[in-house]
Amino acid sequence: MEISQARCDAVLLAAEAKAAEIGVPMNIAILDSGANLKAFLRMDGALIGSIDIALKKAKTSAVFGMNTEAVGEYCKPGGSSPGLEQTNGGLVVFAGGIPLRDGQGTLIGAVGVSGGAVAQDFEVAQAAAAAQDAPQEGGLQWEVVAAGQPQPA
Amino acid sequence: MEISQARCDAVLLAAEAKAAEIGVPMNIAILDSGANLKAFLRMDGALIGSIDIALKKAKTSAVFGMNTEAVGEYCKPGGSSPGLEQTNGGLVVFAGGIPLRDGQGTLIGAVGVSGGAVAQDFEVAQAAAAAQDAPQEGGLQWEVVAAGQPQPA
Amino acid sequence: MEISQARCDAVLLAAEAKAAEIGVPMNIAILDSGANLKAFLRMDGALIGSIDIALKKAKTSAVFGMNTEAVGEYCKPGGSSPGLEQTNGGLVVFAGGIPLRDGQGTLIGAVGVSGGAVAQDFEVAQAAAAAQDAPQEGGLQWEVVAAGQPQPA
Amino acid sequence: MEISQARCDAVLLAAEAKAAEIGVPMNIAILDSGANLKAFLRMDGALIGSIDIALKKAKTSAVFGMNTEAVGEYCKPGGSSPGLEQTNGGLVVFAGGIPLRDGQGTLIGAVGVSGGAVAQDFEVAQAAAAAQDAPQEGGLQWEVVAAGQPQPA
């Protein structure tokens, strides 16, 4: 299943709101289940060095269907898969990337967050992932109202 | 000057509205004047092969401060700069990338659009660039209302 | 804010002077806040293997707005962000890269120094960063005098 | 033979002076005969898209020991070496790169200039290359005076 723009709007909104709440501007990336970029936002003041980290966190979670820190368990010292983080063009294996799933639990993509301390990135990513099932008319309705245009098919 | 998230909201909104009006889902990328990713949106149904094109169109316009098709004039057959499109990690030199400037005319970034015919990409990019100076409270207000959270600093 | 050539002249001068004082030829790189190359100098006798290190030190400091060794704290054994040094095309996370800020404290770029022992690189980088606010007419005046040409606009 | 910093100072000075004279801010890159970066300057206002072009022009001239446009003769339509510009990590084969040679005619490096029209880049590169044999005490003396430090060994 393809992750929808409406779902991405809800995820980005929740991520922004949590980032604003804790006062840390973040980079927020959303990839679909094919690990292809769907949406990205660099909040004002967020570090540009965290752009790539957010993208790679989302990629890491999308291609393995698990949280980035869970992937990290496989390649930490003594883990079963040393160097795993070097695959797939470079993974990011600390917290901040979380898979996104539909109502049936099917993997539909992942969100990656970077810009603060790892614990802050994780907190924002959790808020983002939790919002993926929020009513999504808000996003589309906003497009209609604010843009004054018919909504995308 | 750094391009603001509020300005990106206005640009993305206008791009989406125009894309919806012509019925062609688009990939829309916004980079700042340092060619660093600021915002990205792949509308539902947009081709994934156009993700990289939208990003490279925005990059091409940002690093040269001109429309992508204008850069193309330099490297077309008989142009002054054969192979120019091979520089900077690969440029895209057909229409769909347009620079973004502040009120003083200072380059602050660029928008790149891809997903339809080149003429359609250009039409959407023009609508996007034209909206960069639209009142931008709309975008942030929407965040406040829809998210019920303080607005990002 | 864009880092100016005059500021770069002052930074390079101070770096060269300190490198000369300690007798170690250095590679000195200056990037702007968008991590784009602004100025570079390889002093006579400096190791060519240190060219890339100086560039990556400047990049690491520019994209995170902190000293390279501070970035290293995040990815050292037991740190919060294992593998961080693999992001952004490869970071350098030992001393020798220092952010450059304007009078208001806004990040405007970074300087990276490599060619000696890490402690020597750091000493030269500190001298370079400390000189960024030195009167900058010196650099331009030298251009006028030595070149006998009008100064660049 | 290694290109000296003093020679680079003279080359950069002449390039800046000519660029100022014609009123076009330029990116100026100098590589040694091993195609390793020796000096670089992005004048204020120069396009960041021209950084890579200046570097690749210098590289193209350094590795083949000829002007960039001369290399272009080999890979132009109907030329003997189609695709040559794809080698060496990407060459730039239009004017603006010129080899630097010592008094005996030995190749010691190359200068690459980009930022204006090709004819302007070439004019600045010619002025730069012509200055390589200018008396070079100026550059080092300046270091002593302006920096108040012993000159590099």
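The chains carry the letters A, B, C and D, assigned in the order they are written, with residues numbered from 1 in each.
In this text, a residue touches a chain if its C-beta (ideal position, glycine included) is under 8 Å from a C-beta of that chain, and two chains touch if they have at least 3 such contacts.
Here is each chain with its UniProt name: A, B, C, D = Heme-binding protein.
Not measured: the values here are computed from a predicted model.
K.L.:
Which of the two pairs, A-C or A-B, is linked by more C-beta contacts?
P.N.:
A-B is joined by more C-beta pairs in contact.
K.L.:
What's the chain with its C-alpha centre farthest out from subunit D?
P.N.:
Farthest by centroid: A.
K.L.:
For subunit B superposed on subunit D via Cα atoms, how large is the rotation, as a multiple of 5°?
P.N.:
My answer is 90 degrees for the C-alpha fit.
K.L.:
Measuring centre to centre with CA averages, how many angstrom lie between subunit A and subunit C?
P.N.:
Measuring from centre to centre gives 33 Å for this pair.
K.L.:
What's the distance between the Cα centroids of subunit A and subunit B, rounded to whole Å?
P.N.:
Going by mean C-alpha positions, subunit A sits 22 Å from subunit B.
K.L.:
At least two other chains touched by the same residue of subunit C: list those residues.
P.N.:
Within subunit C, residues 34-36 contact more than one other chain.
K.L.:
Hey, how would you classify the chain contact layout here, line, ring, star, complete or other?
P.N.:
Looks like something else, not a line, ring, star or complete graph.
K.L.:
Pairwise, which chains touch?
P.N.:
Result for touching pairs of chains: A-B, A-C, B-C, B-D, C-D.
K.L.:
Any idea which subunit D residues touch subunit C in the complex?
P.N.:
It is residues 2, 4-5, 8, 13-14, 16-21, 23, 25, 34, 36-45, 48, 51, 138-139, 142-143, 146-153 of subunit D that touch subunit C.
K.L.:
What residues on subunit D touch subunit B, complex-wise?
P.N.:
That would be residues 47-50, 52-53, 56, 72, 76-77, 85-86, 90-94, 117-118 of subunit D.
K.L.:
Sort out for me which residues of subunit B touch subunit C in the complex.
P.N.:
So the residues of subunit B touching subunit C come out as 32-36.
K.L.:
Show me the residue ranges of subunit C that touch subunit A in the complex, using the header's touch definition.
P.N.:
Residues in contact with subunit A: 34-35, 60, 63-65, 77, 80-84, 86-89.
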